[in-house]
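Next come two complexes built around chain A: one with chain B, the other with chain C.
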Partner chain A sequence: MKLCQGRVGKQEGANLIGIALVSSALFVLDIAEAYQYGNGTYVSFPGAIFLALVLFLLLAGAMRASGQKDLLALMDFAFGKFVGNILSALICVLLFANAHFLVSRFTTMVHALVFMKATLFPVILWIVPVVIYIAFHGFECIARIAKCFGVILGVCLLFSLLFPIDGYEAYRLFPLPLNHWDTIAADAFTGTFATIPAMLALLCMAQGMQGVQSAKKAGVIGAVISIGLVAAAQIAIGMTFTYTELQNMFVPLYRLNLKLIQESYFFRLDKMLLFLWLIGALIAGAYYLYGAGFVFCRRWSRYDVRPAVIAAGIILLCCLTVEHMKQLQAFQVVRQYGSWLLVIPFTAAAAVALVKSHFLKKKGQTDEKA
Partner chain B sequence: MLDQIIRFFRFGRQDGEFELLETERGIPEFWGDAREEAPLPEQEDTRKVCKSLAENEERLRISFRADINPDLILRPFTLGGKIPAFLAYLNGMADTDQVSDFILRDGMRPGCLDHARGDLARYTMENVFTMGEAETTEAWADVKQAVMEGRSAVFIETCGQAVLMDTRGFEHRSVTEPQAEKVVHGPQEAFVENLRTNITLLRRILHTEDLVCEMRGAGGDNGIRIAILYREGITNITLVEEVKRRLAQIDTRTVIGMGVLEQLTEEHSLSPFPQVLQTERPDRSAALLMQGHVVVLLDGSPFASVMPATLFTLMTSPEDVYMRRPQGSTIRIVRYIGAMISILLPAFFLALALYHQGLLSTEVLTTVIASRKMVFAPIGAEMIFLLVVFQLIREAGMRVPGNIGQAIGIIGGLILGQAAVAANLVSSVVLIVVALTGLGNFCIPDYSTQLAAAFFRLTLTIAAWIGGLLGVICLMTVFLAWMASLKSYGVPFLAPFSPKAHSQKPMILRGRLTMHQQAEDIMNTQEETL
Partner chain C sequence: MRKHRTRALLMFTLVLAPLCCGCLEATSLDEYGYVLTIGVDQGEQKKYNISFLLQKEGDSQEAQTGAGSYIVTAEGDNLFDAIMVAHVGIPFELNFTRTNFILLSDQIASSSRMDEFLSISFNALNLRQSVKLVIVRGTCAEYFEGLTSADIPNVAKRQYNLFRMYQQEGMVPMTNFTTYQEAVGSGRFDVAIPVGRLDRSIPTESDGEKQQMQGETETNDKDTTDGVKRSGGLRSYIHGSAVFDGNRLAGLLDDEDTEILLLAMGQFRNGHLSISDEEGTIAFLIKETVSPHVQMSLGEAPHAVVTLTLFAEIELDTSGNAEARWDSELKGQLENYIVMELNRVFEQCKLLNSDAMRFGRYACMQFSSVEAWRDYAWKEKYKNMTAEFGVTVKLNDRIISSHIE
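On to the complex of A and B.
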């Protein structure tokens, strides 16, 4: 099988996970509803990543205990082939949906903020082929590009948060989310639809990551850095705008960057930064797209992952076009129920695998004694 | 006259007009099938040297077309005044002084065969001819190859073997200064077209007993030789085998020059980036050999191919290690900045000036607008036109002899640029951008990488013209994806940065010289690595 997994190291894996999580958390979750109960996104967005990390650690632990090489094998081990197939299909769909969310969001952003006079379709035609091209080259290539851009994107994000520091006012964080912990927890849980797939994809490609341990380490480092960056960005946004302003705001991070106006050779840096975030989205989108193709091929024994990736890319292009024509509502279901679909079966899979491996070990010890 | 006009419009031909396309194999199919119908390579000559002197002579005459080819010299003589023999060599390829003094004079000396017994060819090689490098052979193919290389072959009556002696002495260029990789500090000698001299240049630097030099044919029908150099026991044996495998697979008519060899052995032939390093400097090749790389030398080429090559190898100049660390590091930083400017500046400038004016300050924008006030061409066309003109000047400057080339640079760069601005053909700001781009391009030490940068620059500029920053970012990511997926003889092109390898040596800054004692981790050498 040509799954184009290659051999990916911990640094590349951590950068990839970091880019995917930060892109999803900052640009997919920042819809108006997130700010309707006050300013608690600096807890709920990192919380969504934290929940994904907990599930990731649980699954990695189960894989280690049961000796399974990747997540797909773990699901077979826990529930058998039939349920394993269904869960694989679920991962496949959710990875594809995340690729769609991210690319859709960025095409809309680029269209609305930069090329407002053009139609959306040319923008889609610029972005989607690049995503397909990167995904086509496989996991190794995606992870290596992530390594090239990871630190640059992280540093640029931090600088973009540091420059408008004069405009930060702590009072804008009020009302503090003291009375809304339940709502914030619910938001964090709902947000996992955008954070868990990245972590699950890493476990699916654990062999390309040179083992579960290596994947686990990369995942943990990437997720912890993402939690820090996302929390910092959301606090910066919260101290710049009040929650009532944020409820009506399109891409708050971009609006924050608009404050970077200074009289120099570069007048404003907002669009430059937008295109830097776009690089992150291209990498993350390719990761999700490749992940969907990989799970499909690995599960249903297709020979080569590349035709699957191209097919998924063309479907993505069609979905974006149809969505632009306001014909596509299917992805809203994923937004609403994606977290339930992910958390419950995979937590169950980890628990069942842990219990099963425990009993198998016990049985093995008894047999040895006998 | 009328006939000619009628013939012209009827696509007719004059009687007896030479037409090279008319082949004996008839009209080619619409979808060419040249591959299937290409002539098969000549069968290997498995004949042995004949005991009859006349037969051997006849064979050589036929093989080398001696009736129309005066280069083949067949010199009959009597060996020791007793046995008929003849000497064969190619005029101009063999040193006639050596042939006269050490083969003919010694061979014709009376009494030299007085104690001869047994294998006559071996006896003459050991006791008669006073040549340093000599061997006996039965294989006819070896004889032909030896004569073509400039060696001399002696055939003796009733003896089924030939004595081959190294008398190569053709004219060649002496060792001179490097032309493309000049340095201020460091050795001032470059490879030449002579394979033996090039190997000697390397051996003079590397006094290690593990340096192996394997000679073999390059694979083309022209039978040219190559030398594969590596450190036995240090260089990864899989890498050596892979180099040999790719060289053995070469199937072409002629291999002339290292560029042809490089294209025939590289994995991604459509890649703008080179996958091997071509250098004309023995010191650079020697340093990389010590690091565990493989070096291939080709007879007739003044370049060495070093494989594998990563981006950081291609961006390194041999001078970096000859200077002290702060100086070397500064120059390297400048070089990388120059490369970035060379590739990205025109595209970013065009994107900002054309699509994202809001990002530029009022002063900059005013300057750009003022300088373009009278220019009639769109800024994208103007930029691409100037980039093409830059390549034109560069190409013209390279192809003409030394001083005239410099003059073309001055005429093109200064006078033409000044005149173009004065005539409102181009704006001064765009001219400055292109000039900076050109300077940045020359910071890249490797010529093939410079050409790759030119390709990226032009395509990014076109993308910027069409799609602004979106086009630049998308195409830049595509190029980076290509680089990330590229491998040179199994080593990732962006290693040791991405993927990360065990390397304490900084990639852009220059490391301590003590770090150079050990090979790099990416080479997977059989000794301890960094």
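On to the complex of A and C.
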């Protein structure tokens, strides 16, 4: 089988997970509805990553206890082949949907903020082939690119939060949504549709990560760093814009320096930062696209992942083009119910695998004694 | 070793990366007219008469030596209309990437047309939303004419320096479009925007030449720099502030009132205050380095207790014993004067229904939900608000103050 998986270490995995989670949380989850009851996104967005981390640890624990080498094997072990097929298809679809959400967001951003005079289609044609090209080269290539850029992107994000520090005012975070903890928790749960797939894909490619243990460490490091970065970015956004402004704002992270009165050398860095974030989105998009192709090939015994990646890329291109003309309902359904589709079956899979492996161990011990 | 080489190569590539920045195709400065300031007046045929102040670019003799700016004016129902009309008569494209200021006439600012005008897509023009706002008494077209001068060709630098200098002296607030939008959208406070004026007693350059030829000078005592005679320099100047009630101009404050307003807002940096008694006049340089401490109690009539800590340096002492009298007399006198002024300006703003001192910022911090804050209707309650000001002035350096030179 030519799955282009290769072998990477913890650093590559952590960088890849970090880039994917930060990109998805900051750019996919950031929609006007998130600010309806005040600004609690500095809790709900990192909360979505935290919930993904909890599920990830649960699944990694179940894989270790049951001795399964990757997530696909764990699903077969827990529910059998038939349900395993359905869950694999679900991961495939959600990984593809996340690639779509991220690339769609960035094509709109680049179009609206940089190439306004062009139509959206050339911008899509400019971005999507790069995503396909990176994904085509496989997991090792994506992870190594992530390692090259991970630290640079993280530092740039931190700097972009530090430059406009003079414009931050604590009162803009108020009124604190203290009466809406339930809404914040619900937002965090709903947001897992964008954070869980990245973590699940890592477990699917556990062999390429040199085993479950290595994948687990990489996932934990990446997720913890992402929680910190996303919380810091959302607090910075909250201290720059009130919730009423955020309800009507497209990509507030891009506009952090607008409240500065005195211009500085860093005043016009926003476009440069946008292209840095675009690099992150290209890596994350390629990871999701490759992940979808990988799960499909691995599950249904396709021998080469590359045609699957190209096919997924072309479908992505078509979806983005169609979405430009008309909103695709299917993606809205994923946005709304994706978290339920992920949390319930995969938590159940982990629980069943843990119980099953426990009984099998017990049975094994009894057989040994007998 | 190989790892180090790879890292070094990567770092070298990163260092070289900025060299790749530039234009993809041939771009000539002559193809663009860089708009430094947009001025919006009431139109005659259309809704607005929009003026564009442009910087002259390139190698032209005028750009090198003459007045480095010129004005293009066009009427339109919105900015895009006016740009279309302006483009008909100019051999270049208007470019807004360097626009730093939007000037609005007081007539526009007093009507709903200001909001209507500012609701354009700034992205569509590459116009930054951090652009500063100025309200002009009279018309912006006249104000622009007062800004052009052959002696100081770089109009962008001139205008910005003028603005910054005044702001550092505590005579004008600085408000950009995003802050205005925040104030209008969130309803937590009202903005104070600097006011641009014209000193008609200062002759224009063409007038000056005529006067020299005719050997006579005419001055108009009515139109001076805020009532004070001035000669030389630019006709246009920025002085005082325009306070808003939501999105409408509510009234004007002079430079002294603006100083007091900035003190209460916590945006005051340096400024001068002088007090006189029977022993002489003492002028102080006042500095606000600590933000005001505000305690709010809410209810039907909100009440604020504001405590300010200021630092003072004696700049002029005709009595000769200011330092010796500081603790016993001058400190209390200065503090009482500032408290009295704060109360007066607060009442003035309240009368205009403008929360220019931004008490709403502190009020909203006491609510635990958006609904409760909305239901409270801050601007309605503000009408009944009372404030209590407390000021402590500390002498910055007693040795410097007692030994001025």
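FYI, the second predicted complex is superposed on the first by the 358 of 370 C-alpha atoms of A that agree within 3 Å, B and C clash if a C-alpha of one lies under 4 Å from a C-alpha of the other, contacts with A are read in each partner's own complex, and residues count from 1 in each chain.
Going forward, a residue touches a chain if its C-beta (ideal position, glycine included) is under 8 Å from a C-beta of that chain, and two chains touch if they have at least 3 such contacts.
In this text the structure is predicted, and so the values were computed from the model without any measurement.
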item	value
Touched partner set for A:L258, first chain B, second chain C, both or neither	second
Partner chain in contact with A:H137 - chain B first, chain C second, else both or neither	first
Which of chain B and chain C A:I127 touches, first, second, both or neither	first
First (chain B), second (chain C), both or neither touched by A:L269	first
Which of chain B and chain C A:G13 touches, first, second, both or neither	neither
Touching partner for A:L178 - first (chain B), second (chain C), both, neither	second
First, second, both or neither for A:L113, with chain B first and chain C second	second
Contacts of A:L282 with chain B and chain C, given as first, second, both or neither	first
Partner chain in contact with A:C148 - chain B first, chain C second, else both or neither	both
Shared chain A contacts, counted only where both chain B and chain C touch the same residue	148, 263, 267
Partner chain B, residues of chain A touching it in the complex	7-9, 11-12, 110, 114-115, 123, 126-127, 130, 133-134, 137-138, 140-141, 143-145, 147-148, 263-269, 271-272, 275, 278-279, 282-283
Chain C residues touching chain A - in the complex, by the definition given at the top	10, 123-124, 126, 128-130, 132, 164, 174-176, 178-179, 181-182, 185-186, 188, 361-362, 364-365, 367-373
List of chain A residues in touch with chain C within their complex	37-38, 112-113, 116, 148, 169-171, 174-180, 241-245, 248, 255, 257-263, 267
Complex contact set, residues of chain B against chain A	355-356, 358-362, 364, 467-474, 477-478, 480-482, 484-485, 492, 494, 497-500
